[in-house]
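Just passing along the structure, written as structure tokens.
Each chain carries a letter (A, B, C, D, E and F) given by its place in the written order, and its residues are counted from 1.
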Amino acid sequence: MYSSRKSQFRFIIALPTILPLGISMGGGVLLKISGKIINPDKPDIVRGYAEVIREITSKAYRVVVVVGGGPYARSYISCSRSIGLNQAQSDMLGIEVSRLNALLLAYAIGDDVYLPIPRGVEDVERAWSTGRTIVLGGLQPGQSTAAVAAIVAEVLGIRKVLYATDVDGIYDRDPRVYGDARKLNVVSADELPRVLSQRFEAGGYELLDPLAISIIKRSCIEVVVFNGMNPHSVYKALEGSVGTRVKPC
Amino acid sequence: MYSSRKSQFRFIIALPTILPLGISMGGGVLLKISGKIINPDKPDIVRGYAEVIREITSKAYRVVVVVGGGPYARSYISCSRSIGLNQAQSDMLGIEVSRLNALLLAYAIGDDVYLPIPRGVEDVERAWSTGRTIVLGGLQPGQSTAAVAAIVAEVLGIRKVLYATDVDGIYDRDPRVYGDARKLNVVSADELPRVLSQRFEAGGYELLDPLAISIIKRSCIEVVVFNGMNPHSVYKALEGSVGTRVKPC
Amino acid sequence: MYSSRKSQFRFIIALPTILPLGISMGGGVLLKISGKIINPDKPDIVRGYAEVIREITSKAYRVVVVVGGGPYARSYISCSRSIGLNQAQSDMLGIEVSRLNALLLAYAIGDDVYLPIPRGVEDVERAWSTGRTIVLGGLQPGQSTAAVAAIVAEVLGIRKVLYATDVDGIYDRDPRVYGDARKLNVVSADELPRVLSQRFEAGGYELLDPLAISIIKRSCIEVVVFNGMNPHSVYKALEGSVGTRVKPC
Amino acid sequence: MYSSRKSQFRFIIALPTILPLGISMGGGVLLKISGKIINPDKPDIVRGYAEVIREITSKAYRVVVVVGGGPYARSYISCSRSIGLNQAQSDMLGIEVSRLNALLLAYAIGDDVYLPIPRGVEDVERAWSTGRTIVLGGLQPGQSTAAVAAIVAEVLGIRKVLYATDVDGIYDRDPRVYGDARKLNVVSADELPRVLSQRFEAGGYELLDPLAISIIKRSCIEVVVFNGMNPHSVYKALEGSVGTRVKPC
Amino acid sequence: MYSSRKSQFRFIIALPTILPLGISMGGGVLLKISGKIINPDKPDIVRGYAEVIREITSKAYRVVVVVGGGPYARSYISCSRSIGLNQAQSDMLGIEVSRLNALLLAYAIGDDVYLPIPRGVEDVERAWSTGRTIVLGGLQPGQSTAAVAAIVAEVLGIRKVLYATDVDGIYDRDPRVYGDARKLNVVSADELPRVLSQRFEAGGYELLDPLAISIIKRSCIEVVVFNGMNPHSVYKALEGSVGTRVKPC
Amino acid sequence: MYSSRKSQFRFIIALPTILPLGISMGGGVLLKISGKIINPDKPDIVRGYAEVIREITSKAYRVVVVVGGGPYARSYISCSRSIGLNQAQSDMLGIEVSRLNALLLAYAIGDDVYLPIPRGVEDVERAWSTGRTIVLGGLQPGQSTAAVAAIVAEVLGIRKVLYATDVDGIYDRDPRVYGDARKLNVVSADELPRVLSQRFEAGGYELLDPLAISIIKRSCIEVVVFNGMNPHSVYKALEGSVGTRVKPC
């Protein structure tokens, strides 16, 4: 019910410093969710993430969510290419879909979310000024939403990115090719380019593009890559008990 | 120290919920005030509404106010027609006057109001993100400020609209024509179009236009139409002891 | 004198006009295209409309295009409902999809299009100030893109709306039910509500909702409803040789 | 073909320069009109100014119009004071009325006007980028619309301001007090503060406030103050055959 | 009751007030800092002011900061003049530098600051709606940042401006010329124009220009001019134990 | 002189197709100028570039200019680091300086430039809609202005970037170390990362960062890197007779 949730929210925000979750706290956490997870074909997952995000927010975390474009973006991009639009225009269409997914998730989270969906870094700063949960999609052609996650985390001084995708983590070799590929628990950012040459994702941009990697390194932002098809995995990712932790520095 | 100040601050904001008014609470209430009531010719009423709105806000209600254009809008619209502007342009001028009235009331309410006056639905969402009282006028040509009230209530999930106008409620017949016209205490939204064919208001749009009616029906938003020439009637309208209640569903 | 300068201006833009279409010219035309026609699943149609719009623009017409949401909007709206969002939020998601379709078509048309996609009536006025072709989607919850078309036409003083949808026009009875239903060549706006009670479209809003009808009547905007699955039908609709003409006044 | 249409278009736009009005041209002219002249109580004057502005624009002048608040502004300001708002808030309300008057005039002028009404200096620069006629009202509390006229002229590099008000020019003494007051044909900006201590205008700000004077001096902007109750006087003011010319440098 | 909640709200935020500074409190204070003090050549001073502002904010004061352009502005303005740009353009460049200095200080203050830097009065009102500390630079050509300080204070109802510059206060005569010039502890706003004809500042605008003076007079805003090269002087200025107090009314 | 330049402009735009420069034309060219070249310490160069850009524009080219931050950016970034701001904040300050340089150049170019300076990709698209010359600085933290140049070129469909910096081109080895380093006339984009590991530029970002390289490759955008300390070198760069040409595909 609305009013009770609201008052709890208020109450909880106050608590944090007193009753931590047993998880190290650092002000804010950025949750990057693949568009393969958050999209209109998966209403249960959208609802599940909305609940998890409200829950985490109530536990003293300031949460920023970056959502990808997913299959609907791919439809628009594929049409874009077949009619001869340029790469930047294809990217812009994909970005709009990611913003659409962000709006869907934002509405599902409810009243404590900043609206409208931020469309640039200054919008993100303005949203941050209100104290609300922020949900956004892409920002600019030529960069993945993983890069957006890194940039936004850096701008807001957030040191931890939880990266929910549809693989269990980063492997030492491409698991689709090598049966004996081994999931890594930790990998240093310096090793990423070599490991990621496997390019796990089908859609244009790899898991972590060079821009994302350079930013997490220069600002020492930890990234946990994990399988987020089940929204509750976010709790485990927060604790560090699933996925692969990318050591940035 | 900063963090302690912050938690206390949050705690206090929450207090109201502990000391309710004895009125059922549902998060938010939308107050629609006719431009015949809020305009610069009636400073006492403007001041009175400002006080009432501050008072209600302090009683745990989140308040959104939609103000109409009134006589000043009619001056601009009349000029607009006499120089041959089109209907949409006349409407735009009327909308600007309603925003002017909204600004007048907003300044009178004071510090807890969101400024500048929202000019579109996304602005309303942005304003809502700050937690402030919102005051706005019209939004778009072709719709009454009653429709604006319905749309904004729906967008923000508000289920109760108090509609302050210069008649005592909705009558079974036009009270200006029939001496024995009877004020209705309750009327269903389905019956409205028939009853309202009397068109109580002089200015372009009837009391509740078809768009407003269709929205309150589809989202089950209760509307209380009451005589708001005395700002204190708002308390009675909140309690349901004056005017006509429109049962939406 | 103003109007003559104006027409000269238009004339010149139109010099290309050296090859007029043999169609009466009146400054501007608004093309409303259903989202069932313009969407990423139909790249050939998108490309076809882009060509037709460029062609018409070169023939002295100032063109404004309003695009609907179509099947992708329905996916988001269906998800929205299944997770319990309200009607306004569902509408907002649908509006964003219509803007996405508008962006796709705008990129396909190319350089002479105003960008970014206008999101409100003031944006439309700003876009109009540049002299470019305007493409937009929805504007506000609670109204169909047909209503958007009517409002935008009225704001810009456009008197002719070409309404491309997936039916051949307006029938005297529901053609899906009655084998002997007859397509009307002309219908008056006053008769529309009765005729349209058949509600040809599946998606939430009927072909012409009450708001759209009231605007075309008050500003005498002619609407031609026609089957637009083939982009070249636009030329015929301009000539009035296909579809149903709605006589507004 | 596109490029040929484009070049022709440009060529024509330039034609006016070939058919000047017999008036010296300097790129642009700023017309400042008192709110006592442009307001909804005077539809004929609004229509008259719209015609004159279209005419001048067609004669190669780029025109920028700054409109004042007038009697409607005074109503809002008077209410503002009686309910205890501060001076800046009163000014803001007056500024909104001046924008409303600007919108009324802009709609009357028609298609070649930039919309929406600019609300700040950057908006004015953006409007200027489109090549359209610009109409605006006030910009900021604490300054008269005469100061706005001076600032906007300076920003856009305009060297001539035509100042339409309800007096015939600047007098050597207050003409309402001294029967033998003499209208000056020319006055230097340096002498203005002394002469204007008579303060001809009733509404808060004098004819030319210190800010306006300092700007016309520093950028050498000529101002012609004239009686503009008859819109056709603008032609005479352009020629310099009516009113008082303020020599700025 | 509203006003009591309000005062409680203020009280809490104000906990500080339990630990007052021994200073009278009135809701908000505006700190105007010369660009000679806040600029990238003086990182220690920037850091110092950031700390002082955070400290004051925690002591119940709502703080708004207006920063000037300083030496970097002078570089751009000097270039602007040498290439022949007009005065308004020079001013605009100087305003952008003051916004840059404002951004530098805002980032130094940290999370409780509103971002992005407000660029107009409506932006300032929007920023005020969030409850955050506001930092801004200039607003409009033709006015000093001292005038900006006065306007913003007036808009927000702030009655006290602390004016940090590089002189110890206002002198009865120009201290650079007269060895026996005496610093004034108090000066009335009416006397300012005479005293300030000495023009202490090198950069275009004097310490308090006529616009600033007229606003502090009309809204009775007290200004304390003090030497702010040491950030801790702000505390003394708050107490009134340094600099010159300008009695506005 | 203004009016003659203006009419010439109009005239010239028309000419192009008739009197080409003897240079292949492709609609638009993007000129990227290092902040080491365009900054307030070099008024003659600013004026020179303004002239060259006006000249090129008159020769049928649509010109977009991206300006870097240069030494003033470095001052702000250095201060930012010394007070402990994060990398994104340092970048934001540098971006604001690049926008300041862009504004300086834009004012110098004059009337045909779009203002205000675009702050995001959608702003760039809006500016493009007006047909004006566009001047901008940086867009987002984490990317060089070279990347901005590549992104903007891609968005607008521009295939040629002229990159004015303070080195004569790209060398096979670092010319500051190896006396026998040889300037390359052509280099393929694939070879760039290896060659550029020498990192010619001192300021944070190398000559062409990985993001810039990946975009010029994917959209086949040719880049000519040349010494732009003399504005007239732009003509030679257009002809391809100076600097190093980066073959993108």
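Definition applied: contacts are C-beta pairs under 8 Å (C-beta built on N, C-alpha and C of every residue); 3 or more make two chains touch, one makes a residue touch a chain.
Model, not experiment: these values are computed from the prediction.
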Which chains contact both chain B and chain C?
A, D
Interface sides of chain A and chain E: same vs different residues, half threshold:
different
Please identify which chain has its centre, taken as the mean of its CA atoms, farthest from the centre of chain E.
C
Using mean CA coordinates as chain centres, what's the chain A-chain F distance in Å?
33
How many angstrom lie between the CA centroids of chain D and chain F, rounded to a whole number?
39
Whole-Å gap between the CA centroids of chain B and chain D:
37
Which residues does chain F have that touch at least 2 chains other than itself?
89, 92, 122, 130, 157
Touching pairs here come out as A-B, A-C, A-E, A-F, B-C, B-D, B-E, C-D, C-F, D-E, D-F, E-F
Along chain A, where are the residues that touch chain F in the complex?
86-89, 92, 119-122, 139-143, 147, 150-151, 154-155, 157, 210-211, 214-215, 218-219
What does chain F use to touch chain E in their complex?
40-43, 46-47, 50, 72, 75-76, 78-80, 82-85, 89, 92-93, 96-97, 99-100, 103-104, 107-108
Quick check: in the complex, which residue numbers of chain B touch chain A?
3-4, 6-8, 10-11, 13-14, 17, 25-27, 60, 122, 125-126, 128-131, 157
Taking the touch rule as given, give the residues of chain A at its contact with chain B in the complex, in rising order.
2-3, 6-7, 10-11, 13-17, 111, 113-116, 127, 130, 132
List the residues on chain A that touch chain E in their complex, please.
122, 125-126, 128-130, 157
